[in-house]
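Dropping the structures in below, format is structure tokens.
After this come two complexes, each holding chain A, first together with chain B and then together with chain C.
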Partner chain A sequence: MLKINDLRVEYEKGVPTLDHYDLTVNEGELVSLLGPSGCGKTTTLRAVAGFVDTAGGQITISGRDVTKIPPNKRDIGLVFQSYALFPHLTVNQNVAFGLRMRRVTKKDQSKRVDEALRLVDLEGLGERRPAQLSGGQQQRVALARAVVIEPQLLLLDEPLSNLDAKLRVNMRTEIRRLQQRLSVTTLYVTHDQIEALAISDRVVVMNHGRIEQSGTPEEIYKQPQTPFVADFMGFENHFAGTVSAVDTDALTVQAADTTFQASQASGDLRAGDEVWVYFRSESAQLAADAVPNSVPVNVLLRTFQGNAIEYVIQSDLGEFKVRLPEDQVRFDAGPAYLSLNPDSLIVMPK
Partner chain B sequence: MRRTITILVLPALLFIFIFFVLPLLFLLAQSFQDPETGQLTLAGYAEFFQKETSQIIYVRTLRLGLTITLINIVLAYPASYVLARLPAKRRTLAMSLVILPLMTNPVARTYAWLIILGRTGLINNVLLSTGLIESPERLIYTEGAIILGLTQLLLPLMILSLVSAMENIPKDVEEAARSLGANGITTFLRVIVPLSADGLVLGATLVFTGSITAYVTPVILGGNRMLMLSTLLRQRAMMAFDEQGATVVAVVMIVTALAVNLLVRMLRPKPTAQR
Partner chain C sequence: MKISRWYTLSLGIVYFFLLGPFLIIFAASFGAESTLSFPPRGFSLDWFANVFANEQFIRSFWTSLQLGLIATILSLIFGVPVAYALTHFDFPGAGFVETLFSLPILVPGLVIGLSMLNFFVLFGKFDVLTGLMIGHTAILFPYSVRVVSVALRNLDPAVEEAAVNLGANRLRTFLLIVLPNIRAGIAAAFILGFITSFNNVPVSVFLSGPGVNTLPIAMLSYMEYYFDPTIAALSTILIIFSIVLVQAAERLLGLSQFV
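Let's turn to the complex of A and B:
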């Protein structure tokens, strides 16, 4: 189990890259850190691994405070974006490196190396050098090298970003399968939403060195709690409104001249609160006539996108994007109604 | 394409041939010629290898070359590592400081050693005034003096070679070793050293060749008491006017340098660089 308490990291004195950072990864759980470039994902990982100094706070791995312990004594398996294999050693020697450092006997070394290579489907390649392997194979060696030591914690920093799209999806599944099989506590860094959703037990969305939201992939995908998370998770449309009534499980929002019913609320909203209303371009509908929960719009543009048709529409609430299945009735440029299902509206305080 | 390359390389090759290879060939020929009769003879070499003094000087030159190279490796490795890991800007500055000795006049640089090591030099003064010694020690014209002088002269070459090799070792690889349980020293020995072997080979060759062929430093710090091949060469040519003897020394020196170069290249570990 990994516990980060009130962590602070400064590369430059007085300028925190991470601040008041709290994170827990439970035993056997895979948590991914998701966020835009520069938000501090790698920094978090490197602080846990012991490669950056902390300016405050505490890092605990399996109950042991490692905040002041050097990287080589933290018992962590680390997988880098660049793979970082030892180019002068064979695959076998690469994987055996950590075991050697732990003074495992030669016999056990070769047994465990073989086992680890079998686990990542690299049997028979043990005598090769890293330069003689493909990118995907190198990534597997890196993975084998990190898990063969049976670490308390596995850290992966964008392990798939150097692979091509197809291999990325395959490797992602493999990493997840391996992680579950070994039930190793894992922290996984990525800036790819889909990857994070697919692989994780829990997703932690970061922004500017702070945690915006943490939850299961479904929660993050369906119920973002901040504008940043909503944007990042692909809620392309939003408009401003005011809460006019609050019911037990329904919410009425007044925006321009329209009243919307929304069924979910993140946070405690009260009547009179200024709010943002977010919706996905796939969850909206277009209609020829006015229906409940709809607003008159003007269709500006229609584009064909293979399995979907995308519309750009203009309303009193702003400009929106709507994506409808390809086989639905098409709308031409001109007046129409945007219809929004109460379940698809995410309301959050402004 | 081929032709363009030939044309581009030709001038430099011609230059090297006319002003370097050709004279060397003459030198080689002369070393096998009897100065009186002009006949082919091995007498020059026989004399060189049979005479005790030249044997002593030859062995000394090799020994000093080896010692200086080893000292340079030991001194340069940690320093180069630190330099290679400096942020780019500060590294550039530090590197220009490292090569500063190469940019000062060799005579001036060596005379600085006289000021330190001489009979009335800094060290003797300090030792005398603290009463540790009764009369001035002879520090100059010793092997130690030559080693000091040449180490100072050649250290920058060693550092340059090692730094440029180490710069290419990704930080990730080092951190991978650390995370797998290797402490700083183990990481250095098992990762940094093998991955900078190319720089080590280059540096060692430069330093060894540099120290067995250096001239100014052995002249001033070794003098006639502590001759090396290069100073022996000067003595033969300029003082004894023994032209054939001089050419023999020159050829021995060149062949030794080449042989060591080849040997090191053969012994060097397999190419390690990925990429």
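Let's turn to the complex of A and C:
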């Protein structure tokens, strides 16, 4: 559906904000762009919408090359972070604007506006002005205004970032339901991992204007392929090691004096490769005695965190955080063993 | 306690010097004596009658009114596109252009008036009214650009992009979305421009000529010969005229948000 091919965007000549950027969004799919502030998410969206000039590459929508087509002729629905409702128009007029520009008859306009407002649960508010609506309601108007034109492609730029936490969770479910009901191809920008995982068919993690990894929410969450993605997805611990043996679906990694097994396909890794080993603080265990896949540690600190107990521990491999369920045996400061399940280790080339 | 006493005192001083002169003019315009004096002795409305009987005042009032309206409208016709360009396009030298446009605010009015007179003598054979119109448009133009720019900068650029995204071209976006949202700014520029033109002396003094005077110039020449309360009566009328104008605009458009 949407195909971005080798895109390059420069705000300043010679300094690319996006470079060698390839992205495909399939028909009816919701893909989210996830990444830290300044990585180029909004820029990508604006390039697709036609508001920033491209310095190279190609953008096609349903096979039509739109790279040189002006933004008012692209037929894309766009929801802005600030909503960008027209302050002087009523809700009805806001939603009708796109239809008016398409010379839809007055009768059809009002029918479709009503339909769109019903879809976002705003029936009866059509005569209000944006200033007379709550943030959540304004958000819905923005959504209705974008989908009422039945765009081939829907773009949303951090649509929930101005709402409070509870409303955010409700709205994201609603956006997903709406998107599935209309089966509209959607590109969704967020810097919130949980939001991206919850709402998407596919997540694209970006960093410094490039795509780090793209995959289903589960793949991104469980199998990060680069240190950046691992960090970003909440793998709090890592240490350096060397691959000592490779098997079909297992790796042996030597780190300091300890040998670890990791149940992971070797991919490009070979014996002798320098690697990083990542693990989540929730997936590690503490033990009183040595067990397989464990390393002696020194417990430095224990903090109570409601449903979990967090330990800060020190070992030859570095300092780690371990989070154990609150109802498990507690460890006091002093010697213990950090035990790592082979399934919970992610090994990636250094 | 102390602070509030100081506050009251300083407020009192400011009001005294700000409003005092107006009150004197106001009171003097009702005096019965034939020289401008305070406190006035007696009461009379003769001086107001005198104002309306003076053909110079009536004629120059219409000239000033016409001039103010036309020059303000012209300054907006030129100023709005310039303000739009300054706020929407990042062209080389934008900063320089902006400074250039503020020159008429920074340069003393007398200097502008004199230069314009020279300029017209050198390059144009305009009649007096046209000359005045060009001169006034030129001094109002920077105000229009500034006030309208402020209004444009207050409008979220995403709002315009939303219109474009929904299929509107640049012109329709301007007419349907931008213009309605800066109308208070345009009204503010209009009032500010009109009053500036209506009160202007230094430029008008050079550009007015035989038979064509603006009201302030007519007032000045009247005062060269007479020192009776007619001028006070006329000033009272003008003050009320300005207050009504500004109040009406404020009611209508919420102008205070911009000035």
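As a convention for this text, the second predicted complex is superposed on the first by the 347 of 350 C-alpha atoms of A that agree within 3 Å, B and C clash if a C-alpha of one lies under 4 Å from a C-alpha of the other, contacts with A are read in each partner's own complex, and residues count from 1 in each chain.
Just so it is clear, a contact is a pair of C-beta atoms (placed from the backbone, for glycine too) under 8 Å apart; a residue touches a chain by one contact, two chains touch by 3 or more.
Here the structure is a predicted model, which is why all the values come from computation and not from measurement.
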Clash or fit, chain B versus chain C on superposed chain A: clash
Touched partner set for A:14, first chain B, second chain C, both or neither: neither
First, second, both or neither for A:51, with chain B first and chain C second: both
Which superposed partner A:131 touches (first chain B, second chain C, both, neither): first
Contacts of A:84 with chain B and chain C, given as first, second, both or neither: both
Chain A residues contacted in one complex by chain B, in the other by chain C: 49, 51, 71-78, 80, 82, 84-88, 97-98, 101-102, 145, 149
Interface residues, chain B side, partner chain A - complex: 170, 172-173, 175-183, 186, 191, 194-195, 269, 272-275
Contacting residues of chain A [partner chain B, same complex]: 49-51, 70-78, 80, 82, 84-88, 97-98, 101-102, 130-131, 145, 149
Complex interface listing, chain A residues touching chain C: 49, 51, 71-78, 80-82, 84-88, 97-98, 101-102, 145, 149
Residue numbers on chain C that touch chain A, as the complex places them: 156, 158-159, 161-169, 172, 177, 180-181
